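The same subunit A turns up in both complexes below, where it pairs with subunit B and then with subunit C.
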Partner chain A sequence: MSQPRLRILVADDSASDRLIMETLLKRLGHDVIAVKDGLEAVQRFEDSRPDLVLMDVMMPELDGIAAARQMRELADKELVPIIFLTSLHDARDLAACLDAGGDDFLSKPYNPVILQAKIKAFSRLRRLHTEVRRQREYLIAEQHAAKGIFDRIANQGELSAANIRYLLSPMAIFNGDVLLAAQQPGGDMLVILGDFTGHGLPAAIGIMPMAEIFYGMVAKSFGLEAVLREINTRLKTVLPASVFCCATAVQMNYRNRHIEIWAGGLPDGLVYHTSSAAITPIPSTHLPLGVLHPDQFRYAPMIVEMHAHDAVYLWSDGISETSNPEGEMFGEQRLLDLFSASENRVDMFVHITQSLRDFSQQGIQTDDYSLVEIRPRKDFNLPEIASRLHQSERQPRSIGNWSLEYELRAESLKVSDPVPLLMHMLLQAPGLRAHGGVIHTILSELYSNALEHGVLGLSSRMKDDADGFRHYYQLRAEGLQALQDASVRIRAEVVPVQEGGLLRLRMKDSGPGFDFNHHGAPDQNPAYYGRGLTLLKSLCRRVEYFVPGNEVLVEFIWREQSN
Partner chain B sequence: MSILSSGSADGKELTIRIKGRFDFSTHQDFRSAYESAPEALSSFVVDLREATYLDSSALGMLLLLRDHAGGDGSRVRIVNCNSDVKKILAISNFEQLFTIQ
Partner chain C sequence: MAELYLDVVLLEELRDILEDEFPSLISTYIQDSGVRVDDLRQAMTRGDTEAARKAAHNLKGSSANLGLVYLADLCRIVEDAARAGQLAGQEAYMLLIQQEQQHAVVLLRDRL
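Presenting the complex of A and B:
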């Protein structure tokens, strides 16, 4: 088998030795560049990029060892074998040549057989090295392409929303961190910070189904529980047993003015109460997503009151594992101290990121953490009228004319949320799609009145203080659990009218009703005031209660858009 | 990092001892330890006394072992955990799936 023709650089200050080597090499069929000192060697190395270097150790200007060091730097990632030519025979001296950066040595006088054998061996090594590098570059290019796809899928949402700030370092994304945020048509914002096990593509693969489910369901007004259940089921089904997603999920529920948080596997996050600089920890109480079978999945969220100046902070474990040049880790305590030690005017997000930067003293390349800050929307205290106009939809002229009746009894009341399903049905009416937000608000308000105030008999006055708040949700959970005979019946009707379209919603619950005639002061008739009647009346043309108060009818009119 | 496995006298329980870092590099050895064990096993013990570090791939491997051992009906105990290891297992709520001592 004939050898490939190599370009070989020979450096030797002895003219005769140079000539001997040059002759030997040319006879073997190689191209030779011959130089007489180290300086010239480095120069010719740079401009002709030889495949192999044969270099004398003792040379003027620049000796072989120093020249070898410079050549290595120039070669960068490429492997260019450097063989020292030496008349030294002492084992220690020869070993020193290799320590200094040579790959091998050749003793003078040259033995052509050995010379040829070494050239062959190193040429083989170089080919192998080049092949490995090529494959690595190919894999990296593949990963970039895949990552591009994942980024597009994962970034469909609301990450640019004004009330969310986040930091996802590139390394963290590579290691499976994901951040999803989207707004329901009715205005609630859902956010999930996740961390898949593993690195690179295997870690990132789970992000695709998770993001698709998240964005699809939130757009249809599904709430946190339904979304998490579905994600858990999908990940359990498609991913191997050893791959799962540690996550914390948050729903900013503006209608009820509370924050709902499900934590499974990420380090504890916290709610920071800016006014008092106090912290409410968010402990991880669930198994990560993708571990449990669908029927074993647990949803027992933490519910916290929403205050204008509070903020939720979530982070991945990379934060406490960030290390400084001395190898010390940032640790969880240091992070918590940042919160307790700060005055309430400090911008915590900036403060945390700055502290991490100061501690690690390294660039963003080595950062491997994710940090998210979620604040309530600025106007969350105003009555919720979020309506999102859907782009690029030409509304056809026909309103349609249909009705549906849907009844949930005890077993279903315990586990189902009918609002997303009804929304889906109602938004089939083309004209209503532009009013998705308002419809969602009306439907949610009516249903929660029917379930919580009607069937369960809870009073929203209880939510006025912190303890009452917790108590309310505890009673709600207990009440649902204990439900035996109960029902909520919903009737929806869409008909064309002169102005455009009319949606008529009637809801009847199995509760005792309330005195809907007596207005009076809030403390005289708490039942009346807890039902968002002002809101409903502002959104609907008609709001009418029927004796004994467990049945309500509302009408919503919309004008047809002419395109 | 090393794995040592030993069966109980009655052949019903297998103990796998992890020494050093319990991470992705342990993957092959860990799997071999329980896959090559005889079928009659009814319980497994993972001894972490000498384990210095646990990462998410270690948690994944524990889940694989649990699957192999029969999933929900399995008996897998994780013993001799130091406080760091206990904390990692606690954050992931693995005590809901394993007996942790």
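Presenting the complex of A and C:
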């Protein structure tokens, strides 16, 4: 391969040396710009953009070392090798040349063979540098595109909801942090903060199926357990063994007024009780998503009561690894101290982010952690949330006159949630999709009553206090485990009526029933029990119980919207 | 004898490479080195070590490039002394540099 023709800047105040170098280089086929001092050298460097600089160290006006410094700044990211022409033999002088950004020396008298070899070497270095830079720019452009896709996926959710505040590392996609939030048609909000192992694009790849499953399933009313099981299965199948996702997932269950939390592998988050400034830690009690075989995946969530002024805080490990200029890390303890040392009413989210900035003494752009705060919606009034329409979804072909009967027996009651499946069927009815939130609420309420009160015989009055509340969920889990010879039978019927339809739902459980005529009194304390019946009555045209109280019929009528 | 003062092989290589430019190189050096010697002498008279160092350094480099090894060595001695801040006692070398520069002019003209 022939030598490429280079543009070479020669700076030397000795006229004869300059003449020799200029002639040598021209004979080698290069273009030469020859100048006699450092000032002129910097000027010509700027306007001629040479490929290589050969420069004497001692020159009038501006010496070679100062000139080299200015050239380095002008060159910015481009590599323009600077070779000092010198007969310096003092080690300190040579070191100063290197410090100033010199790449090599050529001593006088010039040896044409060595000169040619050096030019060749630096020309190759410069080509490599340009190539590396081109590839890096290409990579950055690709990462930029990937980030665009990722942001669009993340933004299809409810991250902008008023009850969520978050800070996601600007490099989140490349350090594997992911935050997803979505609302079920019935109003429950689900949030996952995840941190994939590893860095770069391999860590980001798992985010795609995870987000797809999450948004798809939550929109179809699937709850936390089903969503996490599916994500775990997919990640286990798709990702290499070394890549998995540490995550904490939260479901704000407005119907039961509790917060359901599954934690696997992230640093312990916490629930902050604003009124008492107390905290309930969220210990990680599961293996991360994508580690266990689907059969071995465990779902043992933590369930806490939902109070209007409580908030869940989750974060990635980047937060405790934030370090100050002395290299000391912020650490878990400092973070916990922020909570315990704070007056209540302090805005914890702002307090945390500000404290981290103060600690690291860095600007906003260096935040390299993810933090999320989830609060209950201010008005967790169910019918109102439920009536939020999901009209944007495309209406599939409607099926408007049918009935189905569906019976779940003991083994099915233990493991499955029939609500998403039924929702899917029911929403086929023309115009009913617009009322998806209400239908979800009605179905959940009916099924939960049938299972928890009917089949398992649990009294909602147990939830009167915090201890009873925990006890209730413990008994529920134990009861399900021991279940035999039980069933819940669901009959759904869709009948077209003028400009709309009628949905008739009948649910019968295998339990002994209850005295529905005397069930009104607990409505006085709707925060804990008795809300169910009131809620159903507010949503349905008809709510009727049948003796002995183990069967209920509700009717819901809707009109098709014209347009 | 001339080899002690002038690296003839190096100079002949230069002639081969520079071709037509060779005479111009010789005359450039003759003119330039005369100026440097004057600079050096004046700097030493003033006791200006920095100026002396620069002039000696410059003359050393350009002389070496033309194969004038003896003159380059003399310049290096004075440059080192100037760097150490000890110009006093260097007058003898200054005299030698002056003589040797004139000698170099003769040697180079012979080669044209």
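As a working rule, the second predicted complex is superposed on the first by the 514 of 563 C-alpha atoms of A that agree within 3 Å, B and C clash if a C-alpha of one lies under 4 Å from a C-alpha of the other, contacts with A are read in each partner's own complex, and residues count from 1 in each chain.
Just so it is clear, a residue touches a chain if its C-beta (ideal position, glycine included) is under 8 Å from a C-beta of that chain, and two chains touch if they have at least 3 such contacts.
Only a predicted model underlies this, so the values are computations on that prediction, with no experimental measurement involved.
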| item | value |
| --- | --- |
| Room on subunit A for both subunit B and subunit C (clash or fit) | fit |
| First (subunit B), second (subunit C), both or neither touched by A:G198 | first |
| Which of subunit B and subunit C A:S242 touches, first, second, both or neither | first |
| Which superposed partner A:Q498 touches (first subunit B, second subunit C, both, neither) | neither |
| Which superposed partner A:Q481 touches (first subunit B, second subunit C, both, neither) | neither |
| Partner chain in contact with A:S16 - subunit B first, subunit C second, else both or neither | second |
| Touching partner for A:P288 - first (subunit B), second (subunit C), both, neither | first |
| Shortest CA-CA distance in Å separating subunit B from subunit C in the superposed model | 47 |
| On subunit A, positions contacted by subunit B and by subunit C | none |
| Subunit A residues touching subunit B - in the complex, by the definition given at the top | 195, 197-198, 241-244, 246, 264-268, 284-288, 291, 293, 296 |
| Complex contact set, residues of subunit A against subunit C | 13-17, 19-20, 23-24, 27, 56, 58, 85-87, 89-90, 108-110, 112 |
| Residues on subunit C engaged by subunit A in the complex (per definition of touch) | 7, 10, 13-14, 17-18, 21, 24-25, 28-29, 31-33, 54, 57-58, 60-62, 64-67, 72, 76, 83 |
| Complex contact set, residues of subunit B against subunit A | 24, 56-57, 59-61, 63-64, 67, 72, 91-94, 96-97 |
